[in-house]
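Labels for the chains are A, B and C, by order of writing; each one numbers its residues from 1.
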């Protein structure tokens, strides 16, 4: 593995390796010395073109626990907002010898562009791009589900996948990179996913995805479920007529108190409720649901650091890549044709 | 007029029978098997025994960028590219800066074309002032200018207001003009990045639905019928659009349609790379659309190939997909792509090729001395093609300033060996020769 | 670093069909060596108080378990399971950047922790000493033991750091081109015979 851009091409073995490594990393957070020397001397750049304090500090904590040096580069207030191109920014980071670039970007595909353009030699980790992908979020969600699933089944989680788990992902699928990355990863791990959303918030083409699609949350709950992931819905979507009102949305597609009671009525005592955060309480999730014992919201945050440590470790701890002999001496050499996406 | 004489020896005329073509004074003066020495005289002989002779190609859809974006392309660089691509006439789209919405701007572009001397440059006039869609541009003044504009288009932007479109269609009847519509419903394509469907759903790029193109075409053919005027549909890209145009033609509506080379070959699957060289308006569509477009071009539902040559400076493409400019270069690859998609597949003959790349576009644009048959007495606008050649497209070797060729690295058939522009070889041995120089400082219009 | 510090791990570099190999310890030899080491540990520690055996993955851990069982056999007050742990040193290696990425192994320390314990690190082969250096670093992050000792099944020489073992199953003079392979049923599978083999290098 050279970069982590998406979960779509992640093999089952790679995914399980990341989750297993994250499991070892999680033990570090419980020790007195919460630090490992594995990435000493390596530089990780957090390149954020879009605000996300939560994701940034999670990556920062992960990199620091592995003893890497962390540079935070935020588009706001830097030369990026003055019109510096992604290419120039990338080459600046390359000149600073970044070993990994954690990139968050408003444009779908920006991490792929960074990884495949030849502008930079660093490992690229996608920390969320537009409405495309958010692979570390999907991995931490899967990690959270796997812990729960193995506790229920009594099977040790190391080496295990999510075979047979029934998962609902509900909300604004159309604009959700979290939903997309989860659909690919959970499929790879053997889970059964059902997307629940208003038809306006499902992308045209969703019928080709490896999951079921429903417009009816209650009917989907009745069919039985092991984990429910509620997606953030922005109230502004109402203005673009994706739904008539926040009230109607909450009633039809929100996880409210009545649906929380439904889980008890259906005797689904082990079903967990997940949310990638930040939550809109009262819109897609009620406070009672968010704060219930079923909620894994805080566990997800905690697991985020472990998963990101695992990803940084697996991408960076290996062999130092040979410097490209021509890239420094011969800056005028034509960029080589775009290399194929390297997932080896 | 040039008095140089050229003999094209034994070329296959439109891919058929072989004949010698003698060119003198800008026209074809003799045509026949084994022209004798008494006819040939001191003519320069071009051995065309392996070549096909076609009428010089006419592009109804070229962005030359001048005035205003000379960093992207100039009339000089764009027309060099055109000559190398086998063209003898191009229509320069109106979305320059300033917009070609007055007689002054179209005459400037026209003059630049004449000075360059590589091909005929026919300016396209804007339909509305500043392409803003609010007020009709002075279409009559442009028609009456030295540039004699006949094609009007806000290309890049759709004339979306139905009343504005109706008025424009009606008004150009006064001087036999045509409205070339960029069919794109603006509200349905706000922020759109790529074809809406299977791939956009995965890539998380805002979708560009086929219906945004098809709904405008449907409206416009009905308007054209209602006011009995001429409509030309630019760069048709969907199977649904083809169906609507087919329906309109069956009803006798005066509509013509165009397809770009890239929409005949490339699909949305390429967008998976997020490489903005594949970002174009209208977007690359699905394979089923590509197949429908090929079929429509072959059966005449789509009348012509227009390149929509849209050069951009490299910084406009060296960025995130969403931030990148839309457009692809096409002049220097059009012939090869059409050969690859239409001729190698057996869908069309070289005579059909001449129809869709020369005869019909010249007719739509009312260019009287282009797109003519290869007969004695006709203007010598001729391109010689080696159909057996194969080449890897190298965008760095092109004459256009744009490096945004989506075909870069692809191996394609066909090579333009020579281009004769009014009897003057602008291209010889596959390389630029010299431009055609007009006699005298003032020129009173060669067409 | 070209020579891996735990040469018993992973696949051979040159899987030549013809490899000259020679068994230097049989299953019985290994068992005898471990029995002796167990006694030595008790003697050095003056009993079993405060003892904690930490095996270094992968083959150090089963060796630590075997030693703990032997200690328990001599002293019924010892609960073998309570005095064995595993100490992963992957993250502390000095050659991480020069090797393909290794998946970290679990570190398991008994609930009693390591503070003020007498730790016996257990590994299969002592070679450059770099693994033990990494283990000492890993230990520091877990707490402050009273003392740290080292027990190895085989010491093959060629030290690159000032480290020596307190308890050695067998000293084995080797050439640096040779490879020492330790096979243990717990790791290599129940059908594999316990043995230590020297393979000649090319």
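Here, a contact is a pair of C-beta atoms (placed from the backbone, for glycine too) under 8 Å apart; a residue touches a chain by one contact, two chains touch by 3 or more.
All figures in this text were calculated on a predicted structure; none of them were measured in a lab.
Colleague: Of the chains present, which has its C-alpha mean closest to the combined C-alpha mean?
Modeller: So the chain nearest the centre of the shown protein is A.
Colleague: As a test of understanding: of all chains, whose mean C-alpha position lies farthest from that of chain C?
Modeller: B
Colleague: With chain centres defined as C-alpha means, what is the inter-centre distance between chain A and chain B in Å?
Modeller: Once rounded, the distance between the two centres reads 46 Å.
Colleague: Measure off the straight-line distance from the CA centroid of chain B to the CA centroid of chain C, and report it in whole Å.
Modeller: Taking the mean C-alpha position of each chain, the two centres sit 76 Å apart.
Colleague: With centres defined as the mean C-alpha position, give me the chain A-chain C separation in Å.
Modeller: Computed from C-alpha means, the inter-chain centre distance equals 39 Å.
Colleague: Can you list the chain C residues in contact with two or more other chains?
Modeller: none
Colleague: For chain B, which residues count as touching chain A in their complex?
Modeller: 193, 196-207, 209, 273-275, 315, 318-323, 396, 409
Colleague: Mind pulling up the chain A residues that touch chain B in the complex?
Modeller: Residue positions touching the partner: 8, 85-87, 105-110, 112-113, 116-117, 129-133, 177, 180, 203-206, 208-209, 334, 337-338, 341.
Colleague: Inside the complex, what are the residues of chain A that reach chain C?
Modeller: 17, 20-21, 24-25, 27, 31-33, 35-38, 66, 158, 313-314, 317-320
Colleague: Using the touch rule from the top, collect the residues of chain C that touch chain A in their complex.
Modeller: Against chain A, the touching part of chain C is residues 88, 90-92, 96-107, 137, 140-143.
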